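Please find the structures below.
Common to both upcoming complexes is subunit A, partnered first by subunit B, then by subunit C.
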Partner chain A sequence: MNVLNRIKSPLASAEVKVYAAISGVVVLLMMVFGLVMRMTQGQMLPIEPGLFYQLMTAHGIGMVAIAGLGGSAVMWHFLGKYVNLRAGFAWANLAFFLAGVVLVLGGIFVGGFAAAWTFLYPLPANGMGMWGRHAAAAYMGGVLLVGVGMLLFYLEAARAIIQQYGSFAKSLGWHFLKSGQDAPPATVIASSVVTIINILAILVGAVILSMMLINLYVPEIAIHPLLAKNLIFLFGHVFINSTIYMAVIAVYEILPQYTGRTWKVYKPFVWAWSATCLMVLTVYPHHLLMDFAQPLWMHIMGQIISYTSSLPVLALTLTATLGMIYRSNIKWDLTSALLVLSIFGWSAGVIPAVIDGTIAVNQVMHNTLWVPGHFHLYLLLGCMAMILAFINWLSNQEKAQGFSALDKAMLWTFAISAFTYALIFLMSGQASVPRRMAVHLPQWVWYSQAASLFAAGVVLSSMVIVVRALAGIIKPVKPA
Partner chain B sequence: MNPQTVAGAGLLLMLNIPFIRRIMESDMAYHMLLQFPLILLAGWLLARGFPEPAKKWNYAGVTGLLAASMILMFWMIPRALDLVLINNTLELLKFLSLALAGMALAWSWPLAGMIVRGFFLGNVLPMMMVVGWLYIEAPVRLCNSYLSYDQLRTGSGLLALSIAGSLLWLYAFFMPSNQAGNSEIR
Partner chain C sequence: MYQQVAWIVSVVLIALLAIAFIYVAAHSSKNGDSAKVAAATGRWRNRLLLGVTLLCLPVVAYTLTTLPYARHAISNMGVVEVQAKGYQWYWVLSQTELPVGRPIEFQVTSADVNHGFAIYGPDMKILTQTQGMPGVTNVLRYTFEQPGTYKILCLEYCGVGHHTMMSELHVVAQ
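On to the complex of A and B.
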């Protein structure tokens, strides 16, 4: 069988549209939370620190979850063109997801849980009057439920891929490395990597969440804090990394339709994705470089893999994107522009991470706003731009559309605001402004005030893009 | 009679010989990590000689795998381990239930597709990890009949088994298979 032949090519199914719509709406809400937090730090809003930390927790877990859901929409839609996915599993994932979100939000806004999305041990069990153990249990139980749904989603993806390609060795293209024949599509390679890493990450997440739930109610059974941190970051870091690896499928699939060129799979591409599969699982120790008790070899591994982890896939995607656009007479519209912008955001966002992954730098920068600068550049201008492009493309009946003045205005507002917003985080980090603080010193306040302005630009432009896209998804325009 | 059934019955009888039972139950690690899997294996082999339950009661192996995971979960409770050493009825129940779990696994595994198997393993493997951690980290002896050191070794063994199981499961994803359209994939 020629695996390059697509087995079906329908417009987006109902589950993909629902995933995309929920992602769009929740992203906007989480962006508003972010704006409120920056305005609070800029002393422009009288939000109590307790509420600030609740918003911070909701913003963090909400963005991770919704980047996961948005990325899943992209992966499900395009992977479904090559393998036979069953919609029931996407709906089951959504049901678990929504049930989990209810528990998480209940834990945060009813129970007062505010231990940040990373729920680092032993903080959830030590609310010191701000929240009780039931609130922490609701939060962690909710995250566990989201994980159960995602496990179902990835098991279905694994089943469908293996049914079509025989094994992951084939869907990753290892046979192509030897024979140079029958390369799997880029979408299948990326989906296979994400499926493998996320099944492992979710299992690790289930272990640490269960351990922490037991510890909440039987505190005598303690957890080794460093083990807990390793497990949490193995789970959380892999999961958030995988969101961009799912969302980038939009670049592989949509951009060729604008340039009239195909996204060819070459051997370095296969090598790069296979290397990423291993490196993404081992890169998380760069978040533990300040933990003196961590074994030295893990620190060294964290630094080295920080340098190498993102580069193979990113470098190839970046050069292939530029090659695809060059002299292609690409048809520019909001979708194609957001996709190209996303590759810039991804590429630029990796740079501060590599800098922070250097042990000597990490010692002074890791607990500053430098790190939010990295992940906002990477996720907001990278992953979110891909997801916004996908939503917009769905609303345009999966075709190129005109590039209206409003589209151009919103694109540039989004690009400039998001970039400057992330840049202010980086500048704040360079000025040693600590992260995860509700109240800032007077000399830091202007950073937050300036950031609020650009955050408002991000919210406004995203709102226009999402609302218009939702209108197109909910009530498609009939072709003339 | 099916030779596998004979082997299963023989293994079950052998495990019940008082001398062998005493040796295996004298150490917590042998008890959980050797005797339990051997009883499961005996049950698996025995299943060949019994008629399979109606498929409508065991659709895609869900009922059997669920039952097996519940039985395994119960026998990971330290109190249950303690009780079987002083109560012969419970000891008999332990043998019967674990053999039954082995039989349920034998009947259900071939019926189960990747999703059901994945969900079963996704439940049992983390459960073994958590119980292993509990045995290692508990500040007190959890079983009256076993020493703290036994508990530590059992916990480490459970952790090792679950990690090995996870790696094997992952490895299976990479194995060439001709599974399109057969019952392995559901």
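On to the complex of A and C.
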């Protein structure tokens, strides 16, 4: 059965369009923050370290949140074709999101909070005069509000999936492994995994944020820093990975329209997603490999699962995407090209990420620019390319369009700029340039100067893509 | 050494990936038999999974034989102990002149927030690192092979003075 035949409703709902529009606008702003940071490190802008670290905090939390919102738009839109989602929960999520963003931005740009998006305990309570506890509370309270909204979103997704399929076991396709009959759609399998892991991750995040909020005002109630770090990275790792798992649904659903081939669910695909469900929850210790006081088994588990967790879904999605387009007479346009590019970006980013998950490598790469190198590959060239493709597809009435010269120019500008930008991060990392530093040593400055050029290319191309797409969403062109 | 290995392996594998995408994209405009392509895709998927498994298994196994965690390291014979404590934004070390060729045991902790204790060589490449965490002592062992001036940089973001948090170690021949 063709994927399109299963779709119940014709075009995107209002909440999906609003999610997409906000995602497009905010991602541009966050990209500009990234460009300003690289130019500052390249000594091309006279930004004070205090402001640099505020921008760094805003860029980090902003990108994580907007990848979450953009991914949610993709998941809500396509999951809604298979299960009955209630729009009120999407609007409630958005209300919490916007309230949280106001608090976060207030904490950062009014209160001066700059403890990085990871709010690593006990830094938020130790601003050394740069920010006070109210600013820290505004930031962490804001993140908590965003989390509450997301939790409502996933609880509604869980309810709808279970109502439609009977249980997560069925929506994950476990019955299909036995019988080979009635496989759920790829979208439902991916959405089930994201729903399960993100409900757990957000609850963990809410626990540590609540504990840290209490600690801000009652310092006597202290938290063990190693426990806090474990909880923060469990939450953060799962949440950011989930953004890709949501956004990749765009590849599963949209690409078949361009090739006329179906995204077939087969047993390895079901196995891979179920394995991912477990492994993504247990891989986070690879962020703590340099915390030598962690139990040894957690270090070893972190390394082994780093290798195993990324590969199943990625290898299957990678080969299936290439098989989807090979000799398919695909209709190339901006949407389809961005979707194919996104799978390249995701796959490419996993390579240095897995290598960094090796303890021996991590010992000389941890917290260098190698880290933003790999995550900019799979988040900027991967996840963001998926979200940009989705927004562009929405703006074109969910159909293929022509591939204009401007589209091609922007696609190649984005692809080359984003790839080279990430590559310079990796090159800097292998030269031991630290991440999260406002000022670099003189011998490291040229990396940032070169990176700024390509960051500008990313901003320019994304701006053109987003502005044109938003114009199409706000004022759709009627078909002739 | 690991920096170069990581860089070269990453570049080579990403290049192979790019070649695969370019090849497939270049052969996407013709119509092929979907059933045959699907079967070939399945074969390539299995090859990829098998190849990645065969490549990764020995790498994982080998690299797990050389863990940096000191409690599993060698004996305490001849070890020089150095206490290192991080503050916003400086290091306090019990000694900064260290001998060549003898194992140094850095007992790293923090007085306030999380810090990163990274030792840079004279060429400003990272040699080793651990975290400095309040209430926790991380034990890092390292033997300097060459005399010279080494730097300690904080690699865990610790506030507005993070980038200024550097100290020096002087490694001398005995």
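In this text, the second predicted complex is superposed on the first by the 473 of 480 C-alpha atoms of A that agree within 3 Å, B and C clash if a C-alpha of one lies under 4 Å from a C-alpha of the other, contacts with A are read in each partner's own complex, and residues count from 1 in each chain.
What we mean here is this: contacts are C-beta pairs under 8 Å (C-beta built on N, C-alpha and C of every residue); 3 or more make two chains touch, one makes a residue touch a chain.
A quick note: this is a predicted structure, and the numbers were derived from the prediction, not measured.
Peer 1: Overlay done on subunit A, so just call it for subunit B and subunit C: clash or fit.
Peer 2: After superposition on subunit A, subunit B vs subunit C: fit, no clash.
Peer 1: On subunit A, which partner touches more residues: subunit B or subunit C?
Peer 2: C
Peer 1: Quick check on the superposed pair: does A:V361 touch subunit B, subunit C, both, or neither? Answer first, second, both or neither.
Peer 2: second
Peer 1: Which partner chains sit in contact with A:S210 here, subunit B, subunit C, both or neither? Use first/second/both/neither.
Peer 2: Once the two structures are laid over each other on A, A:S210 reaches subunit B alone.
Peer 1: So, does A:H224 touch the first partner subunit B, the second partner subunit C, both, or neither?
Peer 2: Both partners.
Peer 1: Contact-wise, after the overlay, does A:Q257 reach subunit B, subunit C, both or neither (first, second, both, neither)?
Peer 2: neither
Peer 1: Based on the superposed arrangement, let me know which partner A:Q397 touches: subunit B (first), subunit C (second), both, or neither?
Peer 2: neither
Peer 1: Scan A:L151 for contacts with subunit B and subunit C and give back first, second, both or neither.
Peer 2: After superposition on chain A, A:L151 lies in contact with subunit B alone.
Peer 1: One more residue to check, A:T282. First (subunit B), second (subunit C), both or neither?
Peer 2: After superposing on A, A:T282 lies clear of both subunit B and subunit C.
Peer 1: Using the superposed model, measure off the angle between the directions from the CA centre of subunit A to subunit B and to subunit C, in steps of 10°.
Peer 2: The vertex angle at subunit A equals 100 degrees.
Peer 1: For A:Q164, decide between first (touching subunit B), second (touching subunit C), both and neither.
Peer 2: The answer is first: A:Q164 touches subunit B but not subunit C.
Peer 1: With both complexes superposed on chain A, which partner does A:L200 reach: first (subunit B), second (subunit C), both or neither?
Peer 2: first
Peer 1: Minimum C-alpha distance between subunit B and subunit C after superposition, to be given in whole Å.
Peer 2: 13
Peer 1: Go through subunit A and flag every residue that touches subunit B in one model and subunit C in the other.
Peer 2: 224
Peer 1: Going by the contact rule at the top, pick out the subunit B residues touching subunit A in the complex.
Peer 2: Against subunit A, subunit B makes touches at 113-115, 118-119, 122, 125-127, 129-130, 133-134, 137-140, 166, 170, 173-181, 185-186.
Peer 1: Using the touch rule from the top, collect the residues of subunit A that touch subunit C in their complex.
Peer 2: Result: residues 49-50, 53, 114-116, 120, 122-123, 126-128, 130, 224-226, 229, 261, 264, 268, 290-293, 296, 299-300, 303-304, 307, 311-312, 315-316, 318-320, 322-323, 325-330, 332, 340, 344, 347-348, 351-352, 354-356, 358-361, 363-368, 370, 426-427, 429-432, 434-441, 443 of subunit A touch subunit C.
Peer 1: Using the touch definition from the top, list the residues of subunit A that touch subunit B in their complex.
Peer 2: Interface residues on the subunit A side: 89, 151-152, 155-156, 158-159, 162-164, 166-170, 196, 199-200, 202-203, 206-207, 210-211, 214, 220-224.
Peer 1: Which subunit C residues qualify as touching subunit A in the complex?
Peer 2: Residues 2-7, 9-10, 13-14, 17-18, 20-21, 24-25, 27-34, 37-38, 40-41, 44-45, 48-49, 52, 56, 59-60, 63-64, 66-70, 72, 88, 112-114, 116, 118, 120, 124-131, 133-140, 153, 155-164 of subunit C touch subunit A in their complex.
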